[in-house]
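Each structure below is given as structure tokens.
Here subunit A shows up in two complexes: once beside subunit B, once beside subunit C.
Showing the complex of A and B:
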């Protein structure tokens, strides 16, 4: 039991971090970022290049991932999303653009890093064994703690800084925020960069444990979408809740349902459908609007 | 009106007579496979287009294509049905399933609905892996080619296995289905049902306040959409004579949606145009080898920047409509 909870917490911390970036972008720009999974993979490859090929310490790789992805996110917002949002008749057009960017990033990753599975050596060795009740490698614990610290840092940023306040205002009401003198263009860019940066950071964290390959982008996006549906789109607390809930469900499902084959996600999806029938906007989402 | 009739006649002449003649003349038999795929994929995208028409973003068509494919494959290999009987059954099966799934999820809107349907594709793949009847990851292989079909002793369609050129037969089958689906879609859009769907697209609350049964309409449109998806999947299975859980994945679902977008959401012919351009363009780009995806996606992004409302929105500027 303790083992399941520990696994769930560890998975949940990563998932929540992925979902946070996606929900931030969604709340600010009303864009469903299909390329989020690809950004995550890209971040992982940047860390891999810095750590495994250039031989620099892991923390440098992580910072490099964050910076590269933040710059990429800012450029994508300024040169792609902004003009399309301005010109398009329907909101949904941004989805095509996001899907196009997802393909584009796939192509870039393929050309730059190849299609092989990559990983970096363990950053710390050893396994925590607490009375045979919880067995967990130290590097997983470290990554889990780092992920939780990043989530806390992100919340602090959103709550207590000027940029965070501006972004929250933007998420609540774009026009009203503009009327109050918030530079909408600038904070959309910062928000997108921040969202992309979070994706890159998770990629950098996870490359030490699960490794990274080209095919991981799509499934990661799908999981992130599920978390957002559980928690409610565009709400930060919802993304965190959704991430931890999905992590727990996956951890419990893999243990309890393993006798029946690989049906964990089937069960999760079925329960999600029932849940959405009662609460379409997710746990903490606002009703339509 | 007569201009429209002429246009349709010219289109039919082109796809049924000119294309086979051209291919016979140039000897590019491989193009048949490409064009057959275009025709089938556009049937699937027409379904997606219909859900767009009621104001829902559907990224789950791959799920229904996979379901339709499996229904057809299982009925043919395990129950000994003829392909022609499984074709409507696959569509109907998908429609029934989509009603059950649609009832709860069609209450969602915007990105919520989009996300659920995307997840649905992934879950269908997992179901296909887990169920015993689908034979798991090994899939179902060596499915027989479509047999002959005769009504009251009059042979309508010959046995595909006896034909010297099944590629041409599949092409004609796919194109016929595409034309029929297009006619059905056009009829739906220009009927009372189409008007009601448009009212849903514009404002669901307002529509329901003046007495439109929105819940029923949504499910109906979604069921029709899934029917198209199942149909396309079933024919794909007949062509490749095999089906695996990975035959239709998330990327295919996204592609179905993209075909609609590229063609333009305001036009009934949008899905066909979009499928043709994207699929054919992708095929042509295969000469660029490892840069194929890069060029393709860059072209797609560039197109969004220049024409965010779809290729057919070019017609809008000249003042034309539909």
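Showing the complex of A and C:
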């Protein structure tokens, strides 16, 4: 049981960090960023290039991933989403644009980084073995702790900085925020860059554990959408809760249901359908949006 | 006046260059060979290694004057189609090959794609070389598919028997991705292990192909304490993570698979934890590879920046197609002539040292010669490179 909980917490921490970026972008701009998974993959490949190819320290790779993805996110917001949102009132325009960016990034990743699975050496060796009740490699513990620290840092940024307050105001009411003097364009760009940066950071963190390949983008986006559906789209605390709930469900399902075949995600999807029938806005979302 | 002269000279120069290029291209007639397989998404490595092997070999042949078939030198052109591992797209790809008048196609890479294209290939006179294991593709009345590698039901028993005799393996566990190829490989592997008298301690655990953390997947298997953990049909993307998770959970037994792997991917993803991992490869080790194989690796690396060890097996399909057509030039457009030649075809294997032969096999498994004879090379991974564990022949 202890092992199931430990696996669930570790998975939950990484999932929550993935979902945070997606929900931030949704809350600020009402955009479902289907390219979030591809941004995660791009971040992983940047860290791989810096650490495995250039031989620089892991922390440099992580910072490079954060910077590259932040710049990419800002450019995507300014040159792609902003004009589309300005010219089109239909939600599907941004959805199509996001899907197009996802396919584009897939092609770019294949061209730049190739088709192979990539990975970087373990950043910490050794395995914690607590009387065979919890077995957890130290690098996973470190990545889990770093993920939780990043979540805490993100919450602090949103709570206590001017940019965070402006973005929260934007998320609550775009027009009211504009009337109160919030520079909507500027904070939309910062928000998108921050969301993309979070995706890149998780990719960079997990390349040491899971490795990275170009096929990981789509499934990562699907999982991230599931998390924000559980927690409530556009709600920061909801994304965190959604991430930890999905991580825990996956860990329990894979252990308890393993004898019956690969039915964990079948059970999770079935539960999600029933849950959404009763609470379509998710755990912490508001029924009115 | 000056302007008119310049325009005239430019037009003449352009015409001359087009004429020269045309003459250069027209030197040799072109033989088109198709590839329909997966070159995008999570399984992209499988098809990409196929496509790049073919392109490397074709460029090499063209650079050295073409391939001699019946006294005529042919340039080889590879026509590729990414089926995205989707059977519907595989059918579209095979139809595209038929429309282009192509009679020989390498691929598809997976079971459902290979089964889906069968009617299109048979109706349009196309011989295809899948990397898929269902026996009905190669057993009569099917006759247009030629298995491009060693099947797991051929390599698995050989590996298990070797490990029983040399490593005292008694208990075996299987884990597979929840997809048709790995599941069918798990089932046939499990049946083969039972037939050899091994105890199967786990063969029900499966995982999603997009799994990023294999610790919870492997935990119930490791608790059954197998001597050998078989990663059935594992993709190169998942293998390092599965090995790493198993070792981190304290598993000290043997780990094996019957699919081809890439040494660089294993090294990056699992490092020394992958030492001792057993997999299947082609003429992949220094003691087996001929000078031509070494040159192929060198050319591939120069062309694409990095070699893929899966190409040790994938290099063969194009070679078999060309050598068989060369043995009977009527086969270039008549696949029935090609099939008739397959029964008696034999040529030196240019990629292996010694007197190894290219020939079609498969009579034992399929009742007819519908498999290329590539050496069954079983490797162990050690410190970033493969070492030959043993070599065997199919059929």
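Everything that follows uses one rule, which is that the second predicted complex is superposed on the first by the 287 of 289 C-alpha atoms of A that agree within 3 Å, B and C clash if a C-alpha of one lies under 4 Å from a C-alpha of the other, contacts with A are read in each partner's own complex, and residues count from 1 in each chain.
Just so it is clear, a contact is a pair of C-beta atoms (placed from the backbone, for glycine too) under 8 Å apart; a residue touches a chain by one contact, two chains touch by 3 or more.
Note that the structure is predicted; figures quoted are calculated from it, not measured.
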| item | value |
| --- | --- |
| First (subunit B), second (subunit C), both or neither touched by A:101 | first |
| Subunit B versus subunit C as contact partner of A:219, first or second or both or neither | both |
| Which of subunit B and subunit C A:175 touches, first, second, both or neither | neither |
| Which superposed partner A:116 touches (first subunit B, second subunit C, both, neither) | second |
| Touching partner for A:265 - first (subunit B), second (subunit C), both, neither | both |
| Contacts of A:281 with subunit B and subunit C, given as first, second, both or neither | first |
| Subunit B versus subunit C as contact partner of A:1, first or second or both or neither | neither |
| Shared subunit A contacts, counted only where both subunit B and subunit C touch the same residue | 106, 110, 218-219, 261-262, 265 |
| Subunit C partner contacts - residues on subunit A that touch it in the complex | 3-4, 7, 10-11, 14, 52, 106, 110, 114-122, 127, 129, 135, 137, 140, 206, 209-211, 213-216, 218-220, 250-251, 254-255, 258-262, 265 |
| Subunit A-facing residues of subunit C, complex | 39-45, 48, 178, 204-208, 210, 212-213, 215-217, 219-220, 236-238, 240-241, 248-250, 262, 264-265, 268-271, 305-306, 308 |
| Residues of subunit A defined as touching subunit B within the complex | 26, 32, 34, 80, 83-84, 87-93, 95-97, 99-104, 106-108, 110-111, 218-219, 222, 225-226, 228-229, 233, 261-263, 265-266, 269, 272-274, 276-277, 280-282, 288 |
| Subunit A-facing residues of subunit B, complex | 52, 57, 101, 103-105, 107-112, 114-116, 118-120, 122-123, 126-127, 129-130, 249-251, 254, 257-258, 261-262, 265, 290-291, 293-294, 296-298, 300-301, 304-305, 308-309 |
